[in-house]
Every structure is written in structure tokens, then in C-alpha cells.
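Labels run A, B, C and D following the written order; every chain starts at residue 1.
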């Protein structure tokens, strides 16, 4: 039964959630399963453009050791050198388009609710990795992907074309999507679907055209100056903290934009060493937002200029590192049209347009496919929730996973069925 | 033999250095010894004005436990409730002046040199408290004080008046002197001597009038605002980090002073929590300096005004905490005159005036005695060094400790001898 | 003929435009005419709350002298002590409501076009006060008010209730409305109408419900510190320019607001005297804006806090002076309903809602009437223009003034006709 | 009589003082006189390196017109194209060294005292150029130079070598010295003398080795951005005023220097246009100082970096213009030795060393001569004063001018007398 398999996978993943870029156990299990079913497995640099990986500072050896202890598949773990994430390719050998499906696999930094009311505790599948939790339903997304892989193989003889299942790492913080998009495996995809469980939609609802995805850039800045004794030779220092303070002040003053909502924040700053030492280094973490890519780019462009100028003022050097990025999403209208009757046939309650109001790095994948002439869409698979996303008591109605598999399967049949 | 006793004490203390305000083992041993010799022992609130204690954030229970493990005297440890430091009072019962002597007892945050060339390693009395070291000779000062106590008792019948031996905690960072001065035990002292081993003087030298003690104030500032989601409602925050940045920038701009050298530094700053949260709190550590108390006060006065103004600008509250303070020192000329022949008689090479160029919180003690009509002086007891003060390989020629005891003993005889 | 009278008045005023708060000639002529017709005239402190007068720094004696030279009525000029502006009250002595009408009378700082194409030049009624021009049609508004006064008297026997004609000074820069509203003469008004010629509407159009009036506060800040020789005693100064710079920087960083559009600008700043003198004074001019009064208040509230904080940081004093203020306008729906058939009867092309997109200090009058339970509305009387408002070549189709008189007259008849 | 000639010249110049770079009348009279006496006259680009001229923004035509009205020599005025300043060369045709003498000729921006007590008023030779006054004795210096020229010619047959008399423009604000030094006419000078009347020395005193000349750089900064409507499109601006404010704040924070006194001041700042316009331009005037050239360079180097960084932060361009510059002065010891007996012979009371404590751009001339292997000295010719330098009531004991001529004449005889 599909729903049993879905529950099995979802709860296994829920029990052992893994942080962004640390999904070694998850990736090894996905790779093993896809391979077992007959998919060609792609990993690492073959899948992601490593130069665009963002927000990744991990101890690979320690994470792999942990993953192994927690039941990773040893063979596939060994083949995953550094970068997590998996793609499974199935090629019918027959003519036809290439379809892509994206499932994100990482967990969030949330300490799961320990109360008796919380279903995972009642049934003993709560998180065993303290501080981390699948509180954004990526466990469900992954389960959908794995069961869809089974369904594809079960009807392989009736299908033409090719199918690519993308299991994306590091969606949280919008850190992995850009590298996956740039990896190139999406370039021959004719139609891509991504979905998210929950998000302002109830069980039985399907939002075909979510809107108002916020564009955002997450960035770290490091200023590197020269320490000096503040009493004996203050002139010998190059004050990295002063640069950080002036940059922060100036960033807060980035002008509003005529065309709509923008945001700027410096959320963390630390610098200096001893009280009597001119600070030789300082770091800050910030983010920009905009109602459109152009608005976000406007703000981040000013951030870059301000950082450069502040560094120059103090005679220090600097590094700006993007730690995450999201762009807007505009579903392909033809795809929305195509999906509507499929959803209707499943008796799903389709909603055309609803505000998303958050960030999603699937935007990079969708834009890549569309730029290459393909179609792409991001769907909200409604689900009753026990608590909001990222909340310690988050849980979702597991039955909706079957809707997800069903919809994607029907889409595959619609596009790839051998007549 | 005096020198054996001095070495014994010095090396015992060297082996188990204790941080400022954590000198529980040291204090318990001093108290026990003074009591044993017949001194009246004073501790804690009876000795220090606790409201003026600076730069003290310690876990008393944990420190006492450690001290006990490391051989503290259990009885006296129990009597030391919170504040370290000890005074021993000897009263001859005969008329005569009251003399005071100050010895500082804390260690510094330095990781002792592990090399074979370093004498403590050769003889196995190197620091057993990692990260802490008697690298400023306070172990030697304390040893001098304890052996002086013996010498006083050995000639008690020939002396009149009274003697107070002050074993001061937390000289490093200039954190304890002000509280000790304000405690009141110096108010009846007619003459006070303090000494320091080393400091630009060689073995056999005695500097009678060191000059250019830097006035300084060490301070921490905390800004307390209101966090808010930087994307959803930026207007709801009160940005503590912005206040800290603006305060820092403005402090660096405190104008120079016509009358001489001033300094200002913000050595550390940290604030904020998540990247997407308006920072609700921020902290900074700074220091001011001046060639005179008036110059230091000028700078610190501006710091206070700037912090208040920056907090107001952002609608946040703030706390300024003094973490240390030092004022200038001007030795009483009569005392210098009195000491010169005593030093000559010991064949010490007396140096009248030499630049000190650092900070010392003995200044508060000296100023207190002088303000009450007494005389006071700070002396440099020359010693050949293996490395500069606060250096991991610091060590000093232990024989000079005997010069110290000798000089102080002669001064006592000169003032208190019953004719 | 109404249109001849309208043209006469309009061109006379156009020829001698007077700046905000300097409308001495204009006011004297209005007062004379209203009195002549039988209205009770109110002036000065009886009309305006002088403590709320904004943006007024004038030489009264010089302005009155000029007004006299330019044909002011000497008797009424003498009665206008300081504040310009006039109200005419007509009381039927019969029961009935009190109606109010507002006409603004000041000119703008624009140098009138000297070209032959410009109609006033062709007919020799162009501005004779260089640098000042009725380029916002207030000459037309005033003419409408004066001719309406005639029309009222012509049918006095058929009307009940009371009528108040408000000739408001200093609308430009939003400087006079607040003082007029607070003066109290609006408190018994049951229905108030204000109108503006032009503004995105063509001759023959009447906009009944203009929207998106911007709330705004215009402010000046002065910082008063202490000068000192920058070389000889930098410490003796209190740097007013530094305060202004820090305030400016911080104002630019006032956070965006969740609820909508806000703006902040420091448009001018000047401070200091000689190159080698610590600046003892500095001045800046700024403005805040918001899509709602609450949003504008949010920004201006932060401005005040920032100025206070910046002054404190530098030990200087400060003054914030409001130089203008505008709030939003929401026409009373019943009044719109009532006016629509009256306009239709005149064959005017009524437009229900159109974006205004600028600021108007009639908002204070309208809000005052509405708060006291009355109804009020601001109308756009369409007019073909030769150039945009405030342009040197501005002129308007004078025939629309007759529409204005006609509409207001019909409204009076509708409300006050004795049955 | 020498003293009558000195008085005549001094009072003529005093009556018609000319600002820096505007000394057209003065220069024409000097040139005429030198030529008349037989000197070869050099002017303009042949004398000054025009690319190093600082702080000069004048209307040449208007100034020449004024000079002509005030009695300039028309022939020589015509030959002075743009740059004021004159050098007279006398060549004996016999072997011998080249001697140089420097006299500064400009007045200061001071409104002369109109009181009866002020000697020039009593005798009707007070300033006729309102706002300008010879309040720094340059009228006296020039008179000394012109009478010295006579004295040289009177004994021409007894002298060998060559003599150059430099009449330097624009000493006030330290604007002309650097260009004169770089002009090259000093490069063959074997010994240069400059003198100043007054300056902490009484009539009859001669200070041979004044010290503590302050090094200083006077600079203007202009920021050029982009204006934009602050309400409609704040994002379109490039805020030059914001750049100026941040630069000012950062300049005030230039760290103190270990090696001695430094100063920084922004004495004037103005920027922006209308209240509702993002400021497109801003200007500031500042100065740096240092106890040594290295210290002044340290501060000015940071100024340049800060301005560049601040401009970059706001995306604006900038110009830094030096408006004046002074370096230190160290008199050649041999020259002091040589002058001492000459002064003694005149019964002058020689003072070896006295603090100057201000800036003098003769430093560039002196440094140029010394760098080329020559000797140079700056002397204080004591004079009783009626009020301090630059004071409206300034006047000096005119008899000391004769001491000046006498000393320089003796020096010439000592060096150039044909034996």
C-alpha cells in the first residue's frame, strides 16, 4: 500500500533529521533505493555546481561517522564524497520528453516538542537528533519522491521519455537550490514540478499558482584589519570593528525603493579580541529582501558598495559571502492549465492563486528550466497541521502524501504514456 | 633562612595561580598563616567595599570547590564567604604610628611556557591551572608579605604602634584596589608602602619614585532593545546593535585634549541573534586612558554621554559597568627621603625617577592614605627577568625577594622601634 | 457677469502674488470686500491659533509697507496686526445649519515665465513680485470665494442658517491649515467644502473623492554647541556639526514599516564657521512622509528621538521646529452623495475616485469638522492647464471658476434654502 | 632716511591691503620699484609653479580693475597676467654666493578697528578695503624688502655674488609658499632668510631659532551625487550629503598617534538643496595638523582614504582639494651662528629658541634651499604690538623695520663684500 510505504519512509526520516548539507544518511538511503529500483544515480559534483554552494561549514568526517552510526547505507555513504543530494535518472529508451521532480530533504534547527500530545512521541518516531527536526515537512516530500520512484518503475513499460527525480539538499536558508540549478542536470528538463506540504492550505486543497515569493539574499561579511595595542600605538591598528559598525549604520540607511517593499537587516555582529586591543577582525551576518528580484538586487547591490567603502575607510580588507539566496517564482501558465483537470479528477479542491509570503530556493530550478524553454511549477499540497511550520509541535496529515504521489503519477502518465 | 621561606611560598603559589577574585586557596593559606603567627585576620566585607568591586563574574561555589581540591585551608575557606583578600593586623599595644604594606595576590590569563628552558618546568613548580600563570610576580609579592609577617613577630617586643598587611585581590585589570581603598582599613594608616618586582629595573636596583602611571577606566556597555522579525515587522524592533555601532563610531571620535595624551578603544563588540531578527541586545567592552586623572575623566565622561545618547537614538536601554580603574600615583616626598638611606644601607642601587608607563590600582590605596594625611609610596624592586611581564616565559631572580623583605623590615624598625 | 468678476479678481491677485504668511495686500482686499458686502470679518488671533503657526519667519513691517505700496486697503491693513488670513461670517438670523467654505490665498516661490506664449504676459497681468507666482491657482480659489460672497448676499433673503468663508493663508508648505483648524472657528461648521482647480482633471470634470493624500511633516533642526579652536583646544568644543551628521546618518536608518510606505529625507544641512574652528552650530531641513498619519507619526517620532540622542552624544542643545504638516483626507460619504446630483445638474462630468498623490493642509480643517460631527469634503475642480502646477508657465482655463461658484452656490441653496 | 622710507611704504600698503592672490596693486608697485632700481624682475609662471597654487578662486579682471583704480602701476599691472608675486634679481657680475630674502605681501580678512585709539585712524592711513587689513605685519615685511633693495643698490660696487628678493603672495592660509618653492628660483640660493615682525617678541629682540612650527594641511572636499525626489523615488538618488556626514564622522575617529600631537577638524559642511530632494551635492572644509610632517601626513592620509570610502558607500564621486599647506621649519645651525654676532653688533637682544606655535609656509622655501645644500633660517624680529596678530586693533612699533633692514644688510655685507 502506497500510504504505508509513505508513512514508513516519512517516519524513518523524521526520527533522524539531518541539517542542511549534512544529509548523509538520508542521501545514502535515497541513493540505495533509487539504484535498487533501477534508476541511474548521480551525486556530488556531477549534480551540484560546488562553487555556488552557500552556507556550508561542516565537518564532513564527523557527519559521515554520525550518519553511519545512524544507519546510513555504507556503500553509498562512501560514494558521497562531500556534497549531499541525489538525482535518480530513468530513461525509457523510447522517445518522449524529460520530466523533472524536486524533493527537498533537509531538516530545520528546531527542538522537537517533548509533550505527550505530540503524535511522534506517542508513536516513538520523534527526532533523535537533538536540536534538529523535520518541522517543515521535507520528510514528507522525500517520502513522496521515493514512493513515486516505485510507481514509475511499476509502469515503466507503459512510459516513454525520461524522468529525473531531484532530491535537493539544503533548502533551509535557501542554500542549495542555486548550486543544483547551475549543476546542469535541469537543462534538458521539459517540465519540472516541485511541491510543498502545508503552507496555508488544508488537506484536500491544491494551490496551483502560489504567489509573492520573497526574493532574498543572506550574506556574511568579514572585515580583516590589523590589531594594535590601543594604549601604546593606536595609529598602528586598522580597525575592523569600526568598519563593521560604519557598514552596519550605512546599510540601515539604504534608501527605500519607489517600486515596492525592501528590507535590510544586520542580525549579528561580533568583532575584536581584548579590551585594550584595536580590533583586527569583525564579522557580521545580514540579509536583504525585496518584493521582486530587482528590488532585492537593488538592496544587495548597495550592501556590496557599502561594505567596500567601509573597508576602505578603515584600511581593512573584506570578504562578502552569500549564505543563501532565493528568487521569485512564476509558474508556467500552460502547466497550471494542464494540472487543473488532473487534480479535479482526483477530487482535489484546486485553488488558483494564494500568497506564499516566504522564500523558496526552488525558484532557481524553476527559472533554469523556464529559461531553457521548459515549463515549471511550484505547487502547494494542502495539509491540516498540528502547529505552524518550524514550530516544535509541527506535524501534518500524512494522508496528503498519497495525493502528492497520485498527482505526480497522473502528470507522468499524461505526458509520457506510450499511446 | 628567609630566602628558603620566600622560595617555598613563591613556588607553591606559582604552581596554583588563581584568577582575580578567585584567590580562594591563596587567601585561605594567607589567613591561616597570619592567624597562626598572631595577627588578627580581616576578610570580606570588613575589608572591601563590595559595592565598588569591579570586573567580577565568578561561580563562587565552583571556585571554592577547586580551591579545596588544590589544598586550600578548609577552615579559613569556609570563613571566606564571597570576596577574596586578607588583611592581617598586628597591634603592639604600645603607642606609635600605624604602618601599612600592600601585596597583590592574583595571577594573569597567560598559558605558561612548556619548554625545557623555563625554570619552573625544570623544577616542577610550573602552573597547574591551565591558562593562568603568575606572570606578573604577584607570587613573589605575596611571599614577601608572608615572610615579612614572620619577621615582624620575631621582633614584636622591640616594636610599638601597629602594622597592617594588606593582601589585595584582583590587581590585574585594576579591579580590586578601589574597593579595598574604600573599605576603610587604610584610613588610620600613617605610612603605606607597596612594591612591585621587575618593571624596567635590574636586580639590585630600587626605584624610589616611579612616574607616569596611566589613568584608565575599563568599562562594559550593554544595550537592551527589542527583537523583531526583520522581514515581517522591522518597525517593531528597537535595534540594540545599531545603538552599539553608533556609540562605537562616536566614541572613536571623542576629541583629543589640549592638555595631553588620551586614548579610547572599543576592544570587543557583539550583538544580535539570528540573521533575520532585529538585534535586541548588544554588548561592548572598552577602555579609556589619560595622562592624568582629569584627562581620563574627560574621555570617560564623554563615553557616558555618548552611550546614553546612542541608546536614546534607538529607543533602547543601557547599562555601563566599570570593570576596572586606575589612577595616577605620586609618592610622598618625605617617604622617598626616608627610604633612601635605608636602601643605601642595604647597598641597593637606588634610582630616583623612572617611567612606569602602565596602570596600577595601588593608586587608590596611596591616594586614600595621602588624603587622610598619611604618607605613601610605590616602589620598584628591581629584578632580572627571563622574559617581560605577562609573557609565558616570565620568571624573575628570586633573590630580590630578600631585598624586599629587608627594606620593609628596616622601614618598620625605623618607624616603630621602641627606643 | 460672474465670469468677468472672477477674471477681474483672479488677475488682480495674479499680478501681485504674496508668499505664505505675507498675504497682507490680499487679506486687506478680502476683508474690505467681505465687510462691504455685509459679512462680519474675523482676523488674526481670533481666527488662527498662533502657537501652531508653522514656517513663518517674516519681517511684518517690511511686508506691510510693500503691501501698502501695492494697493492694500489701508484701514484693513492696519487692523491686520501680524497674522494674515480672513474669515467672513454671514448669519441669516434664521434657524439652519452652518456651512463653511475654504479658499487658500498664498502664492509659490516660482519665477513666472517671461515668454510671449504665456497668456499673462500677452495681457499684462503677469507677476510683479519677482520670484513669486500664483502657479497653484490660489488666485482662482480666492476669486471664487469673493464672487461666492456676492452671490450669497444676492439671495440672502431666501437662505437660513449661517455661512463662514475661510480665506486661509500659507497653504504652500502645509503651514497654515493646522493653526486655522485649531483656531476654533470650524467647530460649529456642519458641512465644509474645499476645492482645488486643476490636479489631473480636465475642464468640465469634478472629482468628488480624491484619495491618497500624503501625510507629511516638514521640520528644521538646529543644533547649538560650543565653538573652540580646533588646534589649540579641541576638547573645549561641543561639536554641533558632528551631532547633525550623526543625526542625519541615523535618520536615514529609520526602519521601514510593516504597514506601508514611509519616507525620510534630510534635504539640507549646513554647519560650522571657519575651517579651524570646532563647529558651534548646525542646521538641517528634513521631511517625513507616510501613507497614513500613523506611518508618518512613526517616522517623525523616531526623528525626534534621534535628534535628542545625537545632541546628547555631543553635549549640544537642539531645537526641532515643525515647518509644515499635512494629514490625510477622507471625504464624508454623505456629502459626496449629496454633491453628485448637484454636479450632474450642472452637466459636470463627475469622477468618483482619483489619486491625489500630494499633500494638502485642508486635511486639518476637514478632520476638525468631522471630529465634531460635521461633514466635509475636498473636491477637484477640473481645468485645462497650460503647464503643470508650480511650473513657471502654469495657467488654467478661467471659465472653470464659474463652475466652482455654481457648485458651491447650489450646495448652499440645497442646504439653506428657506422653504 | 631709511625709517621714513620704511614708514612711507608700510603705510601706503596698509591703506590698501589686498587679499591672498589679489595683490595686484602691491605687486605692480614692487615690480616697478625693483625695475627702477636696476633689478631684473620675474613674475607669474616664471616664478611660481601654477599647478601647486592653492586656495585661489578669484576674479582676475575685477581685481585688476580695482588695483588700477587704487593706484597700481599700469605697465606692470599689464605684465602680471594672472599670478601675483614678484622676484627681483641683482647680479653683481662678480663671483660669489647667491643670497635670497623672502617677504610676504598679502593681507588678512579682518575688519580694521575704527576707534580713535587706533593709530592708523589718527593719521588716516587705515584700510580702505573694507573687511581686509594688514593685521599680520606683511606691510612691514614688504617695506623692509623694498628699502633693502635700495640699500643693496647703494653699495652695489662693494658686493659680489647675486641677490634674489622674493615677494611672496598668499602666505595667509599657507597657500603660496609651496608653489613658490616649486617654481625653481630658490634652487641656486646658497642662503635664504625670512623674517616675521612681532610674534611673542618685544621691540629690540631677535629670535634666531623659533621652534614648534605646526605642520598642517587645509583641504576642501566636494561630493557629487545625484538628486532625486525624496518622496517619489528615493532609490534614484546618490546621497552626497550622507557621504559627507559619514566622512565627517569617520574623520573625527582617526586614531591618535603614538608619536605626538595630531588634530583633525571639519570646520564647515553644507549640502543639499530642497527639503524634499535627496541631496545631490555636499561640500566640507577641514584641516589636519601634526607636531611633525609625518604626523600630519598620517592624519591627512587617513582623510583621503575616508573620503574615498565614504563616496564609494553612497555611490557618489568626490574631489579633494588642498587649500593650504605648511610644514615644519628647522633653521640651519651654521646660519644661526653666523647671525648671532651680526645681531649683537646691532645691540639686538638675541633670543635663541622660542616656541612659534603656528603655521608658516616659508617652511617650503626653507626646506627647498636646505635640500639643495643651502642654508636657511626664519627669524622673529621682535616688535611691541598694540594688539595680537589678526586682531582689528593690531599695530606694531614701526621702528623695528629699521632693525630688519640693518640685520639683512649686514648679512649681505658679511657674505658678499668684495674684499
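What we mean here is this: a residue touches a chain if its C-beta (ideal position, glycine included) is under 8 Å from a C-beta of that chain, and two chains touch if they have at least 3 such contacts.
Remember, it's a predicted structure, so these values are computed and weren't measured experimentally.
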**OP:** Count the residue numbers both chain A and chain D use at their shared interface, divide by all numbers used there, and answer same if that is over half, different if under half.
**Re:** same
Subject >> Greatest separation from chain C - chain, by CA centre >> reply: B
Original post:
So how far apart, in whole Å, are chain B and chain D when each is placed at the average of its C-alpha atoms?
Top reply: 55
Original post:
How many angstrom between the C-alpha centroids of chain D and chain A?
Top reply: 69
Subject >> Multi-partner residues of chain D (at least 2 other chains) >> reply: 234, 239, 242, 246, 249-250, 252-253, 255-256, 263, 278
Original post:
Which of the residues in chain C come into contact with chain B in the complex?
Top reply: 232-237, 239, 242, 246, 249-250, 253, 255-259, 278, 298, 302, 305-306, 308-315
Original post:
In their shared complex, at which residues does chain A touch chain B?
Top reply: 214, 216, 218, 230-231, 234, 239, 241-242, 244-246, 248-249, 252, 263, 265-279, 282, 285-287, 289, 323
Subject >> For the chain C and chain A complex, residues of the former touching the latter >> reply: 249-250, 252-253, 255-256, 261-263
